[in-house]
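Two complexes, one shared chain (chain A), two partners (chain B, chain C).
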Partner chain A sequence: MRRTLAVVAVVVATMAIGRLLTDHLPDEERLAAPFVRNGSVGETVHLRYGDVRVTGVRVATRLEGADVVVAAGRFLVVDLAYRAKGEPRRFLGLEVRDSYGRRYDATARGSTCPQNLEGLTGIRMYAMACFDVPRSALPGARFRFSLGDYGVNGSGQRRDDLAEIDLKISPGEAARLWSQNLTYRATNGTATGPLDKEPVTLAKPTWWDELR
Partner chain B sequence: MSDRGTNRRQTWLRRNRWWLLALPAALALALASAAYRVNDFWYENGWHRELVSAPQGRFVTTHHTVYSLDQKPRRADLRMRLGAIAASDVMRDSLGAELPMPPGAVGVKLRLDFHAVGGKPAPYCTVYVLDDRGERYPVEELDGGTNPCPPPGGSPDDPTAPRSWSRSLVAVVPKIARVDAVRVGVSWPDYVTFRTSRAEQPTPADR
Partner chain C sequence: MGGTRLAGVRRALAQRSRREKTVGLAAVALVASAPFGGLDRAGETPPAALDLGAAVAVGPYDVTFVRAYRAKEFAGSQVEPWEAPPVTSSAEARRLLVLEVDVTNDGKRPEYAHVLTKAVALRGAAKTDSFGGPSADPKLVYRTDGSAVSTVSPGMTHRLALLFEQSSRTRSPRATIAVTRLVYVGKGGLASNLDEDYWLHLDETASRGTITVGEPGAQG
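Up next is the complex of A and B:
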């Protein structure tokens, strides 16, 4: 009888330990989480596969690429300088996260801004990433840059470095950026020197401007 | 009572001693049986095996296995050398137009010399430049064709290929980089390393 009780006690204790372990050890999601390197506008963030710096933040109503594209909200334009380390890389992760945790992909509308960036080893390159965002996304928005793509629930970014850069947009600044009505020239690709950041004046209004 | 307990513990260890001894062996077997992942997913998926490392100017012959569209392995032979290396301030696109060099970067012009092996020209290959910190730089400019190894504009199966030919390539590297080697690979994971002579290091005036 005593022996049976001892066996029961051992089994119960083993199950309890098992439960404790599964409850308190990091789960798969946390083990697979990316290594987030934080930064701010103007700071260079160093990653395993390269480095990245946000050189400026702009907000546009329209982008002029091969065609003029009008934002559904506003285009949040993130100007970047970046460099590949080790070997030539293609950076697939360009995203914005807002203060509500919502995620925005680089816009694929028209021939305007790149969805991914090519990096030559060791050579500084420049590009702009554009995101069509609602007004509520501007204050506290953060830009994310990674080698892997977001894929399905961050599948391409698992267990790898990821830069998260605070764009430093205060609520007041967001209101000011939102109210200006500017058009910028879009560069769909990469450049070896800083991009032209001056707003442009369109020769003729777009059909969208005529509508409203 | 305590006597009996001690006895029982000893008996258990004694009774299971062979299983206990087998545990490390089982662990080793389990690790070994999972090791194919390292081979299949990593080792065979990149340039990881150096076949030969030769100084600049020396010809080497290497044998490679290439897979055609029917997935059948074929043997391909490569006989080549790193002929010369020099700094270059210009880069040209495929139409011959001059492209500006990115700021802070310099071109490294390579001359690769080839010999046909058994009447067959060289297989398609990948060429990259390696600096002293292990950074890899791809070839950005080719003197014709889409691949740096076969005769310009030729293919590995061209029966009218010349007996020997040279290719000229340009890689773009930062000015602070010291080029150490040129690597040529035909199929993962095998590659050939050509070490550059220090005397011929490309040294642009403004380095």
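Up next is the complex of A and C:
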């Protein structure tokens, strides 16, 4: 009888411990969350697989790549310098998050801006990432850079480093940037030197009217 | 003879429990309702009416059909037309039916273009070769510059154009459009696969309507 009671007590205690662990250990979502390294414009953020620095922020109505594309809202252009560590890498995660929790992926319309970036080991490289965003997304926008892409529910970024960089756009600055009507030349790739950040003027070639 | 049979049935019923009698009665009632539609398949919700200017929910999108017209080609970039060639049909004997739409993504994330292109169908659309084999799904491009749409950013309205192909002999001033019903498949997915967090196209029409096909230059 005493033995039976002891067995029952052990079973009940084991179940109680199981429940306690289930209730108090972090859930799968928290365990799988990425390690977010915060930064700001001009600061270098160091990650397990490289480093990244946002060198500037621009806003454009149009981008001129292989073709000219027009934003549904505005193109938020993030200029960045980055470097791969340890081995050549392809950085798949280029995103913007706004203060409403909305996520924007890098645009690839008209072969303009890259959707991912190639990194050569130890070499500082430069690129631009472009996002079609509404006006409400500009104040407080943050740029995210990671080795993996977002995938399904952040599956590509689980348990890995991720840089989140405050683009330092105040509401006043957002209004000023939005009111500009600028076209920038897009670079659909990477460079070993800083990119040209001057706006361009779209010019009609002389043969166009003759052809028509 | 008849009275003996009835007495037999009475005896058999008397030997049954109350539960068995209830189930039996329900079965008899169900069979009896058959001539009045009791055994028919539950009816689907009839498609809602669709027309130009009215917003329709298509999965994650709110879509307003702005105008439709037929053209030999869809002008590429209106900003820099010398750089962007127009979109043409895949065969000489075909024309494009251009369906301009305002698409709003009110969600928190970008959504794929194919969620929309797989959901909107044009009656009489010709099939074209695509990645998954011949398909009557339209192309989706930006209205202003003709660039292909792969994802649609949240938080704003995009003026896009759905490009269907039709035989050049189709000259009707009307076109019938149907929109498929979609459901969101969340965490855990479906029993049939492990995919989750996506929009599933059902084999069911959510809305349907016949719209006027105008002239290319007319603004809707």
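Everything that follows uses one rule, which is that the second predicted complex is superposed on the first by the 186 of 212 C-alpha atoms of A that agree within 3 Å, B and C clash if a C-alpha of one lies under 4 Å from a C-alpha of the other, contacts with A are read in each partner's own complex, and residues count from 1 in each chain.
We take it that contacts are C-beta pairs under 8 Å (C-beta built on N, C-alpha and C of every residue); 3 or more make two chains touch, one makes a residue touch a chain.
None of these values were measured; they are calculated from a predicted model.
Chemist: By the touch definition at the top of the document, which applies to A:Glu87: first (chain B), second (chain C), both, or neither?
Modeler: first
Chemist: Using the touch definition from the top, say if A:Arg102 reaches chain B (first), chain C (second), both or neither.
Modeler: A:Arg102 sits against chain C, while chain B stays out of touch.
Chemist: So, does A:Asn153 touch the first partner chain B, the second partner chain C, both, or neither?
Modeler: second
Chemist: So, does A:Pro171 touch the first partner chain B, the second partner chain C, both, or neither?
Modeler: neither
Chemist: Would you check which partner chain A:Gly42 touches, where first means chain B only, second means chain C only, and both and neither mean what they say?
Modeler: neither
Chemist: Of chain B and chain C, which one contacts the greater number of residues in chain A?
Modeler: C
Chemist: Looking at A:Gly18, would you say it contacts chain B, chain C, both, or neither? Reply first, second, both or neither.
Modeler: A:Gly18: touches no partner chain.
Chemist: Where does A:Gly189 make contact in the superposed view: on chain B (first), on chain C (second), on both, or on neither?
Modeler: neither
Chemist: Give one of first, second, both or neither to describe whether A:Gly110 is in contact with chain B, with chain C, with both, or with none.
Modeler: Once the two structures are laid over each other on A, A:Gly110 reaches chain C alone.
Chemist: A:Ile123 contacts which: chain B (first), chain C (second), both, neither?
Modeler: first
Chemist: Of all the chain A residues, which ones make contact with chain B and with chain C?
Modeler: Dual-contact residues (chain A): none.
Chemist: For the complex, which residues does chain A have touching chain B?
Modeler: Spelled out, the residues of chain A in touch with chain B are 85-88, 120-125, 192-193.
Chemist: Spell out the part of chain B that touches chain A in their complex, as residue ranges.
Modeler: It comes out as residues 100, 102-105, 128, 131, 134-138, 140, 172-174, 177.
Chemist: State the interface residues of chain A toward chain C in the complex, per the touch definition above.
Modeler: 62, 64, 66-70, 72-73, 98, 100-105, 107-110, 131-134, 136-137, 152-153, 202, 204-205, 207-208
Chemist: Going by the contact rule set out above, which residues of chain C touch chain A in the complex?
Modeler: Interface residues on the chain C side: 76-77, 79-84, 107-110, 142, 144-151, 153-159, 187, 196-197.
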